[in-house]
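You will see subunit A twice below: alongside subunit B first, and alongside subunit C after that.
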Partner chain A sequence: MTTSSFMAFLPELVLLSGALVLFVLTLGESQGRQARIAALLTALATVAAAALCLGQHAVLFSGAYRVDAFSQLLKLVFASGLAFILLLSGRLPDIRDQIKPEYFLFLTLSVSGLVMLVSCVDLITLVIALELSSYPLYLMVPMRREREGQRSQMESAIKYVMFGVAATGIMLFGLSYLFGLTGTTSLPLLIVRLQPVIHSPPAVVGLALAFCGLYYKLAVFPFHFWTPDVYQGASNETAGLIASLPKIGAVAVLVRFVSLSPSDNQVIALLLTGLAMASMFYGNLIALAQKDFKRLLGFSGIAHAGYAVVGFVSLSTAGYAAALYYIVGYMLMILACFVVICQVSRDGTNVAIAELAGLHRRSPLLALTLVVGVFGLAGIPPFVGFMGKLTLLTSALAQGHLALVIVAMINAAIAIYYYLRVVREAVFGDPAGNQPPIALDWPTRMLCALLIAAIVAFGVAPEPVIDALAASLGGLNLPL
Partner chain B sequence: MTICLNHYLVVSVLLFALGFFGVLLRKNTLAIYMCLELMLISSTLALVAFSHFNGTLDGNVFVFFVLTIAAAEVAVGLAIIVALYRQRLTVQIEELNELKN
Partner chain C sequence: MTPTTSLPMLSLLIFGPLAAAAVAVLLPNDRLQRWWALISTSAIAAFSLPLFWRFNPDTAAFQFTEHASWIPWLKADYALGIDGISLLLVLLTTLITPLCVLASWRYITTRVKEFMICFLIMEAAMVGVFSALDAILFFVFWESMLIPMTLLIGVWGGPRRIYASIKFFIYTMSGSVFLIVALIALRIQTGSFSIPGMMGQPYTPDFQIWVFAAFFISFAIKVPMFPFHTWLPAAHVEAPTAGSVILASVLLKMGTYGFLRFCLPITPYATRLFAPYILGLSVIAILYGGLTALAQSDLKKLVAYSSVGHMGFATLGIFVLNAHGIEGATLVMINHGVTTGALFICVGIIYERLHTRDLSEAAGIGKYMPIFSGFLGVFCLSSLAFPGTNSFIGEFLVLAGSFGHSKVLTACAVPGVVIAAAYMLRMLQKVAWGGTRNPDHAGLTDIDFREIVTLTPLLVFVFWIGLHPQPFVRVMHPTVLHLIEQAGAALPPAAAALP
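On to the complex of A and B.
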């Protein structure tokens, strides 16, 4: 391995050595505190390494692993996401002390899977990275503490695993057809050899089935069943992770896959349009009736996955860049909501929307974070959610998908109702009984400030981010 | 009659359909797990057949990785099923309904 390829693989190496240290910690007795510090240091080192390696270009492991501007940009996003999640996790009130090191180990491994996922250009490495990011999550869900009125973690875990494996099975079946048509597992070669047969039924079926594993991660309509149940059954911190980072990974791989099909493939465009519409309507309409805040975020997450798919319908670089921009913004907004959930529920129980009442008196900073996050999700102007929706709809309209744009607008209007209900409780509601103020430690304050700043900054000045994403997409399929 | 690619593919599709409908219709988590395995195995059969008739080895290599994934998935899934059984003393899917509102 030469120095340059060592540099290109540096973020993954840092993350994996961090995971190794965490594994050693799991062998000792109750090392929860040390494990948390080790995980935080790993995350910060990975952010530094990813920032250092932003300009790297390389092809590693016999062409199976491609380090380019696109992958490096997303690795930086994942590394920062890991740091955010660890700050958000705090003392993990809902995980037993004995298994905290394991929890941090699985967290790091899952993110390392995602970091590798964005660089994979071979079907085999792609599947391995996808599963490496999934399995630790399956195990993190049932790690929640058992108590009176909270005995559903195993049930949600079993649903999560079963839907996950079913989606993997369908995806592998689709991949086997793509392999059969092209005789190769390397994505760049596969693109070239698939072009002559792209309109034939086996190719369309293969591509459509291969997308299924990614739809599951993204929680798009026919693969959404697990979302609300897992959000409700998993501990608040785990749900925060499941809601944010894997979706970016799914969008990134979807970009690599959809860019396989030429921009005039009407069957793929039609399929994606249908999925986007169904996801938006289903998620938004069911979210209207929710009382548990995490379940509400689960259903709204299905709708947001639908918005992200709108970016793919146009089958253009502008659309892919918009989808990536939107899902990165979504990560920031959903993390802002989960910071509030984790802090409002001091001992780790689920949070009903009614429990947010009077949050502005109990903790003004948390109330502000919640308002910024929820207004962002609703798509209200100064925040990233608005600019994300605008760029998505612009890209879809540029390709003449008027009906889809109208449906998306109707859905944005429906969504405002339930988001405003949350804000009304937090800002105008009076606390039931005599609720004490919420004391925040400094990492949480810092995280709140960071998230608010990022949501506003991405929303006010979207051009640098979108331009960087579009530029990195330009070199996606070029030979290095 | 010589056995050609299509015969393998038909068997693979049948296995996949058996697994898929089993997952949808079965009520016992362990039986659902077996059906999930069938879905994974059907793709390995297709991969090996394609690999043989395309004259490349890539598909066979892919199969090794699919089998590894399936093994890891069984380890994770059965662990969760055992934990579930300890908590609820049942693995029947219709008795797992605490998460419905």
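On to the complex of A and C.
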């Protein structure tokens, strides 16, 4: 490996050596605290490495792995997301002490899978990276403590695995079609050879099936069934991870796949439109009836996946950039909600919406974080959720998808109701009984402040982020 | 001719309150919070006055314009500027805010810091709405106001505050979702989000109709026009005094301002097409608001329903589409801000003393509160458009404008004035001179210095606009003429040929 390719691979190397350190730690006696510090240091080092390698361009591993502006930008996002998640997972009350090092090991491995995912330009490496990001998650879900004979974590883990494996199978089936049509697994070659036959049924079916594995990660209808149960069954911190970073990975890969199809492919556009509409309606309408806050976020997550798909319908760079921007903003907002869940639930149990009552008296900072996060998800300016929806809708309407835009806005209006229910409990209500104030440690305070600042800053000054994303999309899938 | 200015006045008026809110985060106690809010909002009010002197009243062009690149990717810019109509509304906002702080001096006892921060953020957003010349900037300010206002009602409001705040939020938000779709559609037609750039473009009739419909739903909810008004009484009744004042004085004006800024110049064809129906709704609002106010026993509800009637006059004036009508409508907007704001403060004063807003419970307090009765009398007379007070000028101009448009319509609207006299005099008569001696009233004290200071500026405006409206009409006259010209624009020849 030359120096330049070493530099290009630096974030992955840092992350993997961190994972190795964590693996060594898992061999000793329960060293949860050390493991967390090691993981946090790894995350910070990865952030630094990713920032350092922003401008790198390289092709590694015989053309299977591409380091470009797009992948490096997203690696920075993943590294920052990992740091956020680790700040969030302070106490881990629902993970037994003995397995905490393993928990952090799997967490780091899963994120390293995502980090590699965005660089993969070969179907095989891509599937492997996707699985590397998934399998640790399958293990993290059942790591939750058993309580009162209840084993919901097992049920949800099995659901998660079953759906995951099935979705991967369908995806591989679709990829086999693409391989059959083109005789290659390399994406840059694929795009060239697919061009003449792109409107043929096998190509469209192949692409549509290949999307399925990503829909599953993103929780797009009809691949959403695992979402609410896994959110509910997994520990709060794990659900926070599942809800945020893998979705960015899915959108990133979806960008690579969808951009295989030319912008006038009506079948793909129609398919995406249908999925987006179904996800939005399904997620929002069912979220209206939820009592558990995590389940509510699960269903709202399905709706948000629908919004993200709106960006793909336009089959234009503007739309992809908007979808990426939206999902990065979504990560910030959903993490803001999960910080609150993790802190409100002292013993790691799930949080009902009613338990948020009077949060503003118990901890004003948490209440503010929740309000910013939830209003952001609802798409109220000046938060990032609004700017994200605006960019998505502008890109879709620019391609003439008026019906989709109107459906999206109707859904935004429906969603207001359940988000307001959360705000109502947290801000307008009084604490039930004698709830003690919630004391926050400094990493949590810092995380809250960071998330609020980022949600507002991304919403008020979106230009640098969207610009960087749009620019990085320029060189996507081009043969090097 | 835009006056050259070294200071970005409008930006300072938007970011001033935000900076003041940031300072308020650090202040330790409630007393300091109140004083800081009062000082900062008064300073901002004083700072906004030069806008009026330095405004060039001979042109319809936007003045004090500022322009900076914001989101080039979306073609959305940071563009500010005011014309004759928005000038008055910006000044109304900056002048009414310190009075709201004064009116909540003793009423708000819990979470004073958060209350004042909400208020300062709202002031920034309101000035932003009236001075934005970019559709996205406008929409951001328009929506940003929702959160502080909802918190204001939901945290500091009355017993049914949660119901009222959520109703308010859902109503206005569902209006705005259509607004944003219309704005994006316009952006795709014109290539940028610039509001002046959207005006006077050759849109097809179909496009205009859809865009107008989206605008209409959003603005009609905000005004609120009959039948979208049901959130208003709930929000007014439950909001704290200052919340009611700001809601009546400024927030409702955002709807009528939207009609003037977007509907008339951007979709002139659809405006003319739908004007008769909107005029009909306006007359219904005038009569319905008046008759409902007549039946209220809750003072706040009475004033809230009178708002529906007054705003009916504003929309009536706008959609007769002539100079008298629109100038009258703008004056009605200002007058309603002054008078109804004052009436809500008066109701708040009664509530602080009696802890009830029931009309019969408040009957006869005039015996113990002579100074207050004087103020209340003037504001009631102003509200029923008594000659010599501000509302007379506004409603007279609106009726004069609508008379030129349709005599039947005017004949239907005129009883609204009579009904207003009936419900306002009924309230005044009961409160000031009403019947029996109520033992609860024995300990009543008249309004103190702070309350007099709160009400006096509004009193001054009641008579100033009532006796010498010329300065106010003069600044908006060229703008209004320009607006009528834009609203009368013919369809492009190709489009006009369509069936």
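Following the convention adopted for this analysis, the second predicted complex is superposed on the first by the 476 of 480 C-alpha atoms of A that agree within 3 Å, B and C clash if a C-alpha of one lies under 4 Å from a C-alpha of the other, contacts with A are read in each partner's own complex, and residues count from 1 in each chain.
FYI, a residue touches a chain if its C-beta (ideal position, glycine included) is under 8 Å from a C-beta of that chain, and two chains touch if they have at least 3 such contacts.
Because the structure is predicted, anything quoted here is derived from the model rather than measured.
Once the two complexes are laid over each other on the shared chain, residue contacts for A:424 go to subunit C alone; subunit B is not touched. Contacts of A:124 after superposition on the shared chain: subunit B is touched, whereas subunit C is not. Applying the stated contact rule after C-alpha superposition, one finds that A:225 touches neither subunit B nor subunit C.
For subunit A, the partner with contacts to more residues, out of subunit B and subunit C, is B. Applying the stated contact rule after C-alpha superposition, one finds that A:462 touches subunit C and leaves subunit B untouched.
With both structures placed on the common chain, the touch criterion links A:23 to neither subunit B nor subunit C.
Touch criterion met: A:416 reaches subunit C, while subunit B stays clear of it.
Partner subunit A is touched in their complex by these residues of subunit B: 12, 16, 19-20, 23, 29, 32-33, 36, 39-40, 42-44, 46-47, 49-51, 54-56, 58-59, 61-62, 65-66, 69, 72-73, 76-77, 79-81, 83-84, 87-88, 96, 98-99, 101.
Subunit A makes touch with subunit B in their complex at residues 123-124, 127-128, 131, 135, 138-139, 142, 146, 151-152, 154-159, 161-162, 165-166, 168-170, 172-173, 175-177, 179-180, 183-185, 229, 232-233, 291, 295.
Chain contact summary for the complex, subunit A toward subunit C: residues 371, 375, 380-382, 386, 390-391, 393-394, 397-398, 402, 405-406, 409-410, 412-413, 416-417, 420, 423-424, 427-429, 462-463, 466-467, 470.
Subunit C meets subunit A in the complex at residues 70-74, 136, 139-140, 143-144, 146-147, 150-151, 154-155, 161-162, 165-166, 169-170, 173-174, 177-178, 180-181, 184-185, 187-188.
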